[in-house]
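The data blocks that follow each hold one structure.
Next come two complexes built around chain A: one with chain B, the other with chain C.
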Partner chain A sequence: MSPTLEYYCPCQSSTPHPPQPNLPSSSYSFHALHNLYFCEECDAIRCNHCVMVEVSGYYCPNCLFEVPSASVRAEKNRCRSCARNCFMCPCCSNTLTVVPSDPPDDGDGRPPPIISATGEPPFFLYCNHCRWDSAEVGITFEKPTGLAAQLQKFEDSAPEALEFERLKEHFEPYLRASPSTSGHGLGHSHSTHINPITAAASSALARDIPGVARYTPHISARSRSGRDKNSNRHEVPDYRARVEIGSTGLNLGGGAESDVDFVRHLETVEEMATLEQRWGNSWIISPRASDLKPVRIPLHSKKSKRCPSCRHILIKPEQKAQSVRYKIKLVAANYLPAISISLPHMQAALAMLRRSGRAGAEPQDGTMLAGKTYPFHLSFTNPLYDPIQVRLHVQRALPPTSPNAPPDAEKARRPPFAVTLPSAAFPIAAFAEAWEYDDDEDMFGIDDDDFDGRGGGGAGRDARGKSRTVGVLERRANVTVVGGEVMISKEARGDVKFNMLVSYTYRSDDPDPADELGTPSRTQAQNRQPEMKTFSFYTVVDLGTIIVRDASGNDTE
Partner chain B sequence: MSAAPTTPRKPAKYESATPLQTPHTTRVATTTNIIQSSPHYATTRRHSLYGTEDRIIIDPGSRVWKVGFSGEGKPRDVFLAGGKSGQPLWTLNRAISPREKEEEDRLLDARLQQTLRHVFHNSLLTDPKSRKVIVIEHPLLPLHIKEAVARILFNNLQVPSISFASGHLLALLAAGRVTGLVLDTGHLESIVLPIYSSRPLFPHLRASPLAGARLSSHLRALLLMFGTYHPPPENLSHAQTPSFSRATRVPEEILTDLVIEDLKTRCCFVGEALDSDIKSAFPAVLPSGAPSETTPSDVGRSESDYTQSETSASQQGAPPSSEFSVVSHSNIPSNLDRPKPGESHLQALASLYQRHSTASDLHIRVVPPPSQQHGSGRGTLVIPGWIRERAAEVLFEGGDVDESSVAEVILDSLLRVPVDLRKSLASSILVIGGTPMLPGFIPRLHAELLRILNRSTSSSPAPGASGRRGRPRSVVYDRYTALRPLSTYIAILNNPLPPPPASSRAAQNAGKAPAFTPACLAWVGGSLAGALKTGGAEVAREKWDEADAADADADEAMDTSPPVTPRAVVRSILPDWTRTALPVGAPPAKPPPPAAPLPGADVAVDAA
Partner chain C sequence: MDLPIYYVRGEYIETDTGNKVSRKATIAGPQNIILGGKTVIANGAIIRGDLRRTGAGHAVVISLGRYCLVGEGCIMRPPYKTYRGNFNYYPMKVGDHVHIGANTVVEAAQIGNHVEIGKNCVIGKFTIIKDCAKIADNTVIPPNTVIPALSLFAGSPGQFVEDMPESTQEMVEAMTKGYYTRFQPDPSLPPANTR
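Up next is the complex of A and B:
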């Protein structure tokens, strides 16, 4: 397991400080950099848990057909699944293909008279992966196109849809009377405008004695006409189901007795459909895997995302389903330095593993032992066109929720390790397109040397001893590598995880409009030129799990 | 108990604030004035073609969520809320220390938020800001969860309004009824709620923790004890001759939640009750006689139960256990939190069940545990047929006061219902939830109901619970005496295989519900309610924001107070049957309702 570093989005908590990293809930507040957005207006990080998502277009993931949103909305039932020929195998969720049936064999050996380009009807759906075909469940098509429309007929007459309509018709007259009676601000227990005395009195009056005919006096007075035909206690006449569960239990293909028998005599579990294949059905169907119907491929959507507070668009994809580009893309990776973390001793262990030819083995040797000190490297990559100054802090003190906690619990929650980071600010050079074209081999070569050398020596690469494990180790292009150190106490357990506050100072907007215009708000700041701005964000660093010394047989180095 | 009819039995909310409403509108209240007063709604109303009027129906469970649009016959998406791990979003337990509780709440919030966002953005692909939401709630859904759901929907997703509607009532609507006794056996709890004329009689609600989760743990325990596992063959050449000689006991790691769930849904079914003559041969293993001893998964039993089970097991369980000498017993105590069951008793039970089961043994390919990865391919888990058939017995074997069987919980609720309603309620029982999807569950439930009611008092030993609690009774006590005459009226609306009716009333009702699956009934009801423009008291976002603002003010004003106070403000916005509806200062018409529900809720929580 390699060490990870994730960025904090403060949307989950009310305080700007991140939660303790060892809490399981904290994992929902930290995200990988590539999942984050950055709102320029609010000058804040936004994550997928807080942005407002809007659907900007629907498309079928299989045929990439764009479905106009009007038709998605208009066709109530059949939207959100591809309306063309895209179906999914119910068994393996592979895409089904339409295949023609074998040409009729007349027995005289000559080819059939008409060979259409599409093949012979009836057509059916066939799974290339598991060889499921729709003819098995009795679904065939006359034409090889517009299968969804052909199937629609069956779906419209699906028993649950018909039953549902029937239920609706049954209850509609009964309910139609209700709005008129309930338009007086009733039904809200929290409505405060009712005089308490009136409320109490009316409730006392309305208190009904169950089973007695006048048990709903206000109802019968109000809307008796609607449903008084049935004078017994049901004011709604009995509903007669279109398909009664009891009468059809046996011939529905999945009635209880036959099901029980079927399950009782199961030969293999595969005969039974899985829960996922069945649970979307609201109608009782056979649980046999052989009776599954092809599944329509649900539509996907292209989503645009907005900042939750200022509503500015952060992400706007291009409309076309085939396009993977964005019209607007404010991702955090363009604003925040990318930080990657590595443990030199783990790299060394990996390298050793590779050398010894056990490349497949788990790099167990790279984990950390209690009571030792390990260096780690943080490499910062600056995405901005300006050089930045970065300063790091470890979040040591707990957020201010702690005061009311008992002190001993406080102590127990203190992390069992100490982290040393370079305290001074360090620079990272500006990003320039030119760097992109720099010989990559060179950079990787440096990296490799770096890690190999470090792993062997356990100290700084320029052999100045321990002092060089903490501090700036390397600067090249727009990347700066700094070293830190973690000292793990003897009786430490759990993960080495800590929150790190990263602040970086950058020159305000590069083609600053203030330079030309000098907007009033900016001018006074502009006087001290160039205007510097600082942005801070939290990250969580997870260096890995501490191994108790006796538990691990072999040492790291 | 029989004094109940004279007390007002309506939820107080209804009494105070809705004197003029139709009876139907208690929970599925019409959308009322908010809709009509909102100009926004009036404008969108015309565009019903575009379906913006369709509400979103969310049926959130601790594990499985069903979501979709109103007016449709089936949910658009059904998914495991916990993601692939299948970990439930919440359980019956809450952490005790405030710090852990806080953390638990945060975790719940985060996971709920993730799930709810998934609902709108991935399942339904719709803009939450333009959709009203109906959340199907379950009467014992803890308020903090309900509140969290509302908070996320309003604050994070900014839905225009939320209604909470009782799943029991909605399911009844989907069955075409407004009166009935609804049993919801979900993952965590089995809850019975009598509903009369679309009014849920919340004070008569009964709950039991015998539900899906218990079935899972029981199944796991049975498999650990009686299942066999063949590790994957060492090399492929031996693959043809399965290494049956290497059969081992089942390693606990392979029985992950997902595997268990798969087994439950694909292998298990509910066999008929064993005949009485068989039972009399084994009096002590009779489900009614020795109720909870058969559940090694029980964690909440009292001390006395254990001693009793041990003794009863040692008395009679010895002879047949020799058949199972192969099975190592050491696996059971390896479960730290699991009490040591009467093992020999279990053996006896196993042999009894095995003798009377014709279900086939199943071989299932499972991923071998990571500790034994040396083989190739997958291991094989052999599930004895009787486990498939009898694992669900645990749900029908109640006896403990806190853990009534699913049949007993129905009868318990029926006992609390006013006598005049009993007949109509008993003849329209509706069974919903995921666990009744087990083939044979509902017919078996019917049989169990009849068996309890028709049990002859003379031959039956004291039926557990009431006699056992504290004072040992020598007198035969039958708490269901009052219900005996009802046995001819018992009818389950969605019984797929109704037995020949014993009365015309039962004939009218048994098996007359539309053939919706029990698991989806509540959702379908929600869809129906949404299509009928009703669906519970609505909370509009403006209201919520107001309350939220007030909350923030209060927060600033008195910063010293613990966060309980501001939360209470928000809470009062959400309608819930456990809250007294009378405005402050009004003379109480009856003892405050929270007192009635809470014991039930506590019982359920404690028992888990």
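Up next is the complex of A and C:
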């Protein structure tokens, strides 16, 4: 339970101010810095809840084959599944391997290794983890290759699949007919009031999915071609299903008498397939665990992300599926100072424990007791190539809109602790690549000479005059450590959790580093306003739970 | 801000390239093991470089990249199988910035760069772990599993849970470099005390 600090994304609320940190819902609005994005156009933080996600490519997570999106779509009902020999165990979702039916006996009881080329037919799929094999459900293969194609025969002969094919055949003439009728109606008059993007999208859809997409201009031209549409509808004859769902006694899972019978004769829970095992299926399948079929591995996708308001791309991955590089990557960590927090008294306790050889023990000495005052350290790391000035504010409690805990509603209004932060702005030096390679030895000691030489701003000295714990404690490279203090009242309980507003101001008086910034829009923005630019964001600081010293309130143990 | 991780000076041997190998680790067949530099092999780890491919000549069995950590009590063992009737071991390649938690057994064929593996995991034979993947604590990865890039796996058998954030590479790199910097001899113990 080390202290944490998270950043606020304002997408969940209408006001720029974050919710009170003691509200349970507030955790939804705060994120770790590495999960956040930054839109340069809007000059705003974006999170995974608010960005627009687009699929930029599909791949199979097992064979890592990149599936072209066209073939994902064209695969009809087998879309989003790997067409290669990748199957998932229906019992444990592990990847299945192809094994020959008579494995060479090593005599050591280990599962046979995959020597598909040399084994004896028939082959079957085998799970390395739970020892399920496809022979149990009567699926064997003549060849160890092209299993998907071989298995497709099973799938295609299923009554539900046949029924779906027939249904498609039935509607095919209608779908083919409707574009031809509406196609004439699509005159030049339409293109004037159809957004070119919509037009492009609909034509792309029309290319991929016959019928459905051409229906889109049909809707826009409803008033005119409504007559055609109605006449089309009448042309479709009634469809008569050849399989009555749930009527055949052989098919389990339809909710018929046979299901009841099966459940009545259950002996162990394992005989019943779990919901997870069944619900990825297109059709109703048997609830018997022994009837489960190997599952094709669903494809994974690479996603690109856009800003919700200006639609600029924030994340654009490289095309190659297994590449971890990005063409565009606007993450908040490159714009906002990284803040980490620590409690010196807890660290001292931890170090003591480690030295005494009980590193695994819970640091009881490091917890916070009610009625005491504790210092805490905030370490700011500047990712920008410009020096910044940072100013901190504790968010004062807003008038309570809804007291979260009725018994101590007045306590919810006024937090039972007081936080002292350095009030003046403090500087953080610019980020320089060279520091990356600098393995400085005195990284952990507070260099007082250095502090006096460079960090002797008003903030540090004033705070030092008052108390040694509040103010700038340490400055090195692009890191500044400031101290704060939390005073916990006697009757306090709950978490020491408060919102902190961080404002940072950066100046670009030096044009040379600005060129190296690598972010053109920001450079321009700075050139327009060469003097100052300020960005503010909220964070939530959670220092941990207050331990009440008397025995009655010892609920944290 | 983070505390240094102290070790007793005599407990670890530091090589020219900055590798720190515990004297309490079992390194079998060291001539078949490559450490990329600034890699830490913790107490009680077992690295089986002796399980080499049959046949004459020099063979690299286990190669680890830079800034790796083989945690306490870890077992690194090359994968093996019988192919066309011949039993053989196959080499294990581990990339840069790979941390392996305590008491994990690794029999993977390949581990990419910037991979985090938790504590008490079992990584089955011939597993392939791509870049920036993460294996949660107490995960069992069955043999022959492929773990795609930027994915988090957890459970038994290990299954895909979620995508890792886009900044995983930078985070893991900072974490592994930070760990190496913090991993230093205890200054409170005099050097004379070490032997």
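The rule is short, and it goes like this: the second predicted complex is superposed on the first by the 335 of 557 C-alpha atoms of A that agree within 3 Å, B and C clash if a C-alpha of one lies under 4 Å from a C-alpha of the other, contacts with A are read in each partner's own complex, and residues count from 1 in each chain.
Going forward, a residue touches a chain if its C-beta (ideal position, glycine included) is under 8 Å from a C-beta of that chain, and two chains touch if they have at least 3 such contacts.
Quick caveat, the model's predicted, so the values are computed rather than measured.
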{"item": "Touching partner for A:Ser489 - first (chain B), second (chain C), both, neither", "value": "neither"}
{"item": "First, second, both or neither for A:Ala241, with chain B first and chain C second", "value": "first"}
{"item": "Which of chain B and chain C A:Ser309 touches, first, second, both or neither", "value": "neither"}
{"item": "Which superposed partner A:Asn94 touches (first chain B, second chain C, both, neither)", "value": "second"}
{"item": "If touched residues of chain A are counted for chain B and for chain C, the larger one", "value": "B"}
{"item": "Which superposed partner A:Tyr59 touches (first chain B, second chain C, both, neither)", "value": "second"}
{"item": "First, second, both or neither for A:Gln322, with chain B first and chain C second", "value": "second"}
{"item": "Doubly contacted chain A residues - partners chain C and chain B", "value": "300, 303"}
{"item": "Sites on chain C touched by chain A in the complex", "value": "1-4, 6, 81-85, 114, 124, 130-132, 140, 142-146, 148-151, 157, 159-160, 163, 165-171, 181, 188"}
{"item": "Complex interface listing, chain A residues touching chain B", "value": "12-13, 19, 23-25, 28-29, 48-50, 52-55, 58, 70, 73-74, 76-77, 80, 158-161, 163-164, 166-168, 170-172, 174-175, 177-179, 181-192, 194, 196-197, 199-200, 202-212, 215-216, 218-219, 222-223, 233-236, 238-250, 252, 255-257, 259-260, 262-269, 272-275, 278-284, 287, 299-301, 303, 308, 405, 409"}
{"item": "Chain A residues touching chain C - in the complex, by the definition given at the top", "value": "34-35, 59, 61-64, 92-95, 97, 104, 106, 113-115, 118, 127-130, 300, 303, 315, 321-324, 326, 329, 331, 333, 340, 342, 347, 350-351, 354-355, 377, 379, 439, 443-444, 481"}
